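One chain, subunit A, links the two complexes that follow: it is found with subunit B in the first and with subunit C in the second.
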Partner chain A sequence: MVGVPLWWRTTETYRAWLPVSQINELANMQLQLSADVEVVFARGTVTPEQQKKVPLTQTQDEEHTVDGDLIFKAWDHRFESPCGSLVVYVIPESSSLLPEDMDVYIGQRRTALLRIGAQMRVGRTVEQLLAHLEPRIKQVLQVMSFSHTDITAALSDRVRLSPGNKESIADSMRAFKSSPGYEITFSLLNPDPKSHRLHWDIEGAVQTYIQPLLTKLAPVANFSLDSQTLYYAMLGVNPRFDSSSSAYTLNSDSLAHVINPVEARLGSNAASSNPVLNFLLYVPDAHHSPLYIHDNKKQEVPSNAFHSPRWGGIMVYNVNGFYRPEAVLPVDININMAKVMGVFLAQLRLLLGVQSSTAPPGFLMAPCGSTGLADWELDRLMWSRSVENVATATTTITSLAQLLDQIGNIVINDNIAEQVSSAVTSLQLAVAELEAGNLGFALQYSKEAIMASERAFFDPSLLHLLYFPDDQKFAIYIPLFLPMCVPILLSLLKIVSEARQKRREKQAKKD
Partner chain B sequence: MAITMPLSSIIHKQPQKQRDKWPSNDFQEELVIRPLHSGDIYASFQFRTLWETDFMRGNKVSHYRLFPKSLGQVISKFSVRELHISFTQGYWRTMQWGQPFLPSPPGAELWVWFQDSVTDVDGTWKELTNVLSGIFCASLNFIDSTNTVQPSASFKPLGIGNVTDHSFLRYATLPREIVCTENLTPWKKLLPCGSKAGLAVLLKSEKLFHSSFHSQAVHIRPVCQDWQCKTTSWELRQTLNVVFDLHTPGQGKREWSLFKMFSRTLTEACPLASSSKIYIDITDNPQGEQFEVSPATPLLSQAMVLGDRRTFSVYDLTQQITFGTVRSLNLLIRWKSSEDMLRPLLHGERYVAGYGLQTGEIHTLMYNNHPYRSFPVLLLDSVPWYLRLYIHTLTVASKGKDNKPSYIHYQPSKDRVRPHLLEMLVQLPPNSVTEVTVQFERALLKWTEYTPDPNHGFYVGSSVISSLVPSIVAMDTNSTREQPLFSSFFPCKEESSYFVRVYTEPLLVNLPTPDFSMPYNVICLTCTVVAVGYGSLYNLLTRSFQIDEPSPGLAKRIANIIRKMRGVPPL
Partner chain C sequence: MKILTFFSLFSTFLSANSINVEENAGQFFSSGHTNNWAVLVCTSRFWFNYRHVANTLSVYRSVKRLGIPDSHIVLMLADDMACNHRNPKPATVFSHKNMELNVYGDDVEVDYRGYEVTVENFLRVLTGRLPPSTPRSKRLLSDDRSNILIYLTGHGGNGFLKFQDSEEISNVELADAFEQMWQKRRYNELLFIIDTCQGASMYERFYSPNLMALASSQVGEDSLSHQPDLAIGVHLMDRYTFYLLEFLEDIHPASKANMKDLFKVCPKSQCVSTPGHRTDLFLRDPGSALITDFFGSVRKVEITMETINLTDLIKEAEQNPMNEKPQKVTYSYVDQLPVSEIIHQKPKQKDWHPPDGFILGLWTLILLVFFKTYGIKHLKHIF
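Moving on, here comes the complex of A and B:
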């Protein structure tokens, strides 16, 4: 009687309390996104009497639990709109702000100009006006904020979707997964330092071209940049000589084999565990120059570059024009960084998931300016990143809870319980902020949630007793219980035989 | 794979200014070959990468050219001021081979000076060792507080900067570490030319590890770029020292060539190297009476190395003429006779004395072979906590007399937390042996603390003897910057002496080792005793007792039989 509680107390594993019910709630949570849209009517689009009748707020429920909150307001000047919201200016049909054939202009910031249709002359009712505007504003919203496909792409890793078209799956696989930070490494590969000495002004190029984009993207993730030069780094494939153009070519199906041998030289990032985006500039050696990349249709690729999903990009830079017969080897070559960085910047945008969505007909986009990223593009990225973070953190937390539920041997320390609770709280906050349309806060909370959940999931203390084998328990208990069982079993046998004998005696008496 | 189009709309301006001056990077490579008097060959590779940068201001530097990115990231992330790491297989026999250019203890050694901006030195050190263990594929992650010490005097920074606060220094050795190919490959990867060109093509692991001694090291330190020290730069020195045993390959012929030892010949210098040279030590062989070198070179160079003026034949690999008509260089040394060498002025030995598994005594012997000069040496001993030193038994004696150390720094150990650290400054009289003895007691470890092969014994790292040894020749004051790499590592301030660091042998100590099946035996035994006790108690409690008619005795039975035969009723 004394032994049993003592034995129970000393052999139990410590398991801190986890918010299981809240985690289960998370698992079947419905996401609701809402964006503030302000519609501003320019002079000449509505009459004063109409203006009075305009309803102040109109909520539109869209399918797929994606929510558009349209706020109609009269003329109001607001140039700086908060993150995640949009301002749509409705301009009269005769306005000369837009070219004749264009209906919508999307600006660099979070603004758009919308030309009112010709049939919407003065004199129509407000209801008709709104009914006319609504689908068009929705269209603008899908380009500038988030669309159904964006959100499903962000959720694609978590949710099994019905197989859509191949193109969109490839699109969703290309970008890096959401992470609190990224390391960007530019590598100059010089396989032939004997024939050319390469100089690249990477510091200047990074300052001019890459840094503005990264500064803009700072709310999404932290970025760190570095560069290196690798000598005698070869590609994994031998390019074919094409005698018609007297050049070497790389086919698109052999590009897959290029990366592995190079990657061994790139070196892992010792200082952090964030994902690395590699951008390689390959200058072919003198004997394999010029080198061109051919696409599926055997056409030369104008940029001479390709990218590998979730890994990085490679560009081939030919320098054969510098080898003159009288030149002394090695030739000093300055690399045109503007040409290189144009390609790398485009690849960087793709790999980070900045969607370069094709504009519907009648839409005119503003050039993205010196930063390479418009405000609304950043918003789009933040929307999909928040949703992706929420989904990832939810999956991590629920699978951790499942695992802990299944394997009773795992010790759950207090710090793990703390991390799990904080992840759950951040998740709930992030979802609430997404519903309220506060994009900045939502992203912040979703990042916190993902960090806390990963820390809990990968905590080494979970592993200590995970594989505590049962045979060790047997080995310890059997020496005690086996000899103790012998007298008990013997006496049981004796009782059974005595009972039998008694019954036989009884029967004998009856007879 | 997908094809990318240039984003021409983003790029609208060309970089206007083209940098006229790139931050200077410099790479040098060098091989020194010294025929040893024992008949062995000592080959010492040194590769030096210089990287001009203003690291002192704490700028985040992230663009690497010749300097390897992985090490650069380690330096900037962990705010390292100096980093010295060495992996050695085998023990350097000072008495037979003389002094090495760069000494290193058997196993792995790591010492790091951190910058004074580091607040949590121990935490940074732990992280750093883990990262380095990944970079060099070594078990450096076994470095923890139980084998890390902070020497107070023995390891001063070798680069610029006056740091005296030794709380930013960490020193650890792993004498058990075994060095092999997997450590050499990442080491070669740090070279700008890799193993594709230059001297590094000789580094074939199947030959390098078939040798008496192999040591590879990485030293990173800040140095001055010029004499006024206006600009500073990081210096990365990668060294590889190897001693080939000529008698092992057999054939009785004492002949040595690049091809025979490395199974390669040289065809070119690394195109990135500003200097690429091979030196052959011909000091003891001025007229070619001991050995002959072919092809002969007219270039000779003199350098002060380890207090001795040595003469070297120089082969400059950047000159095409070195490779001759066959376009490849295969140096050949043929021995004719040999003679005794000069004994090294300072060397050390160490051993464990005593019997039984309870106590013992560590003896450290330091030899001063100088005929008339005495000089001070710094002795550093780091002993693991499971050898409990009795510091009151510490004795230092030279020539049978007590020799009182002028400085002693002793940090007692804490069980399972930190090791013993003993540092002392001892004056070595001329032509003498100084013996340092200290007794210890062996501790009993917990059963999880034993290594997988506990009966092999436990290693105790080498003692380190650092000293300024009086030079045989006066220092060359007319030194120029054009000195070979192997003579320029330890800073030399005084003209009449030179700096030497000597490592003693590591010790292998047996600890009392239990029979590891004992816990299970104990469990089985106690359980059986408990079960037997339980069984008898159970029997006592459950058995019902009844008085039984005792059966008649034997005599009575016989009597009854007789009575039956006689027809009389039984008893």
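Moving on, here comes the complex of A and C:
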């Protein structure tokens, strides 16, 4: 009697309590994203009477189903400002600010100019004006903020896409997954130190060109930078000599085989498990100079560089113009870091997921500033990162809950339960902030949620080694309990038969 | 008023190249992966299991030759054959008799060695649940676009694989580990190859998508070893892996051989056992999956079409006006171990201790037994 509960207690595993109901709720939640848009009518677009009639705020909801499973509503126009918001200036048709064939100008900092159409001259009603403007503003928003394809691409983890847009698939394969930190390594490859002694002011270049971008991206992730020089590092491919341009060429098919031999020699920071972006600057040796990269149309590539998705980029820098044949070897060469960093910066943008989708016709984009990133591009990145983080954290938490449910033998420590609870809270906060349109806070909460959920999922103590198949359980307990049970059963039987006999005697006595 | 603000926007105008990204779209869609990983495990120790280490090392060699770097390979060898006392040719592990091919090579990087190869560590590597102090080389840092090759070899049975002669991993545990990998999207596609007796039982329980499995023998059959080498004295390779190595030696990084060719490796006439494979969980057609999708590391590349025109000059680092002379930092060597002193030290004089309780008790016991048998009267002869 005492034994059974005691045995039960001593053989059960410690499982801290998990907020399972909240986790199940998360799995079915709807994501609502809102962006604030301020529309400013310039003089000459709207008559004074119309001005009075234009509603100050207007809400617009659009529902999009994604795989039937996860539904998100978008767009909620209101009057406000900063991170995640936009200002659209509507200018009259006759304005000369935009060139003739362009209707929209997208500026560097979250502003856009929209030229009102010819048919909207003075005299139309407010409703017609608004009806005309709405789809055009929506188009601007799709470019500057987020669109259906962006969000589905960000959710591609949870939602297996049917191969739709080729570009979007290639984009999702190219950019690194959202991670709390990245490591960027710049390497200078000099296969021929006897011919040229290369100097590159990498510290200054990084400080001037790359650091502003990374500082701007600070809310998205941490970056750590290092650089190295590798001597006698050859490319694994022999370039072919092209007599028509008297230069060596690498065509696009052979580029795929360049990276592997070099990668073995690149080091990496052993301390962290963050993804590494490698940027290599290769200066060809004197016998194979100049070296140009040809695309599949046999045209020279102006940047002389290529990149590999989720890995990094390589640029070939020709120095044959720097010295005359009779110069004393080795020649000192200073590398033009502005040109090099221009290429690397463009590759870095692509690898980090700043999508450079082609603008729709009639759109004129402002060039990105000296940081290399326009504000609205940063917003786009932040939207897709927040959604991606929320989706990933949700998947992690729900699958962890499912796993712990299925396998009754895993020990759940208190710290794991804590991490799970904090992940759930952060997720709920992130979703709330996304709904409210506070992009900065949403991103922060989503990052916290992802870190907590990853820490809980990958905790080393959650190992499924307590796998006891049922037949093994029998095999352990039967030799112990079966012999014990035999005398117990026999004595129970004896007690029962004695009790019955006594009752019979009593009956007999009564009679 | 507002028009003036527009002019201010235009004043910060920099030249730009047109944004025109061209993609090698063709390459992207044959497979959805961007990087490759390999986890190669040899689970048995002792000299007579030389062939299992040779199996693993030959797959390691092929995988490296086809392009996967060491940083993306997790190699687990349960015993060291190359430096084993019984190896007549130290620092070598041969795969062909007459010592034709040394698969140990010059740059082997073993990540888990000896007693570190346990079921727990193997599962930790797969699921990623490693303690934070684990170095990068011992981790499987794959993402949702990684193709992983997992190769296991050793002694196995119906539903289990023996690790280190003392523990087993069951097919249920393996299937659950793969499911956890899938939940966290730690792989895009996974190729599982196992060369043990009754190997097909190990992939019976898989249920996660995008898995393809090959085994050297069916349930109830034994996988046999190939050739013994008379100089080394052990069997050098298992049959399945021997013919697999032969097949892989013909593959080069640009090869277009596909998985269907891999299924034909080692037919029953050569292998005596019947190799099996399982492709029902694999979403693509196996004929469209290239060998190099798993064994090699063919990178996708895109030409960089756009550049950013940077016109700022690099600022010189500002010189801080120093009021005092910069202090010279002197470095010194750490005290080296005084080896010469240690060598020439005289041995320390040990203090004498009286014999402790155990010895006393033993003596007392002997004495008692003696006097019991022979009688007390003999006691006076002693004292």
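Heads up, the rule we're going with is that the second predicted complex is superposed on the first by the 435 of 511 C-alpha atoms of A that agree within 3 Å, B and C clash if a C-alpha of one lies under 4 Å from a C-alpha of the other, contacts with A are read in each partner's own complex, and residues count from 1 in each chain.
We take it that a contact is a pair of C-beta atoms (placed from the backbone, for glycine too) under 8 Å apart; a residue touches a chain by one contact, two chains touch by 3 or more.
For clarity, every value in this text was computed on a predicted model and none was experimentally measured.
Aligning the two structures on subunit A places subunit B and subunit C in a clash. Once the two complexes are laid over each other on the shared chain, residue contacts for A:301 go to subunit B and to subunit C alike. Once chain A of one complex is fitted onto chain A of the other, the partner contacts of A:347 extend to both subunit B and subunit C. When the two complexes are overlaid, the chain among subunit B and subunit C that reaches more residues of subunit A is C.
When the two structures are aligned on the shared chain, A:252 is found in touch with subunit B and with subunit C.
Look at A:486: by the touch rule set out above, it reaches subunit B but stays clear of subunit C. When the two complexes are overlaid on their common chain A, residue A:181 makes contact with neither subunit B nor subunit C.
Within the superposed three-chain model, A:273 lies in touch with subunit C and out of touch with subunit B [touch as defined at top]. In the superposed model, A:208 makes contact with both subunit B and subunit C. Taken together, the two structures place residues 170, 174, 201, 203-205, 208-209, 252, 255-256, 268-271, 293, 295, 301-303, 305-309, 313, 337-338, 341-343, 345-347, 349-350, 367-368, 370, 372 of subunit A in contact with subunit B in one case and with subunit C in the other. For subunit B in complex with subunit A, the touching residues are 1-15, 17-19, 22, 62-66, 68-70, 73-74, 76-77, 131, 134-135, 189, 192-194, 196-197, 268, 271-272, 520, 523-524, 527-528, 530-532, 534-535, 538-539, 542.
By the touch criterion stated above, subunit A contacts subunit B in their complex at residues 170, 174, 185, 193-194, 199, 201-205, 208-209, 224-229, 231-232, 252, 255-256, 265, 267-271, 293, 295, 301-303, 305-309, 313, 330, 334, 337-339, 341-343, 345-347, 349-350, 367-368, 370, 372, 475-476, 479-480, 482-484, 486-488, 491.
Contact residues of subunit C toward subunit A in the complex are 2-3, 6, 9, 12-16, 19-25, 27-29, 32, 34-35, 67-71, 119-120, 123-124, 127-131, 135-137, 139, 141, 143-145, 170, 172-173, 176-177, 180, 183-185, 253-254, 297-317.
Per the touch definition, subunit A reaches subunit C in the complex via residues 40, 42-43, 89, 91, 97, 107-108, 111, 113, 157, 163, 166-167, 169-170, 173-174, 177, 201, 203-205, 207-209, 252, 255-260, 263-264, 268-273, 275, 293, 295-296, 301-303, 305-311, 313, 315, 337-338, 341-343, 345-347, 349-350, 356, 358-359, 365-370, 372, 395-396, 399, 403, 407, 457-460, 462-465, 467, 469.
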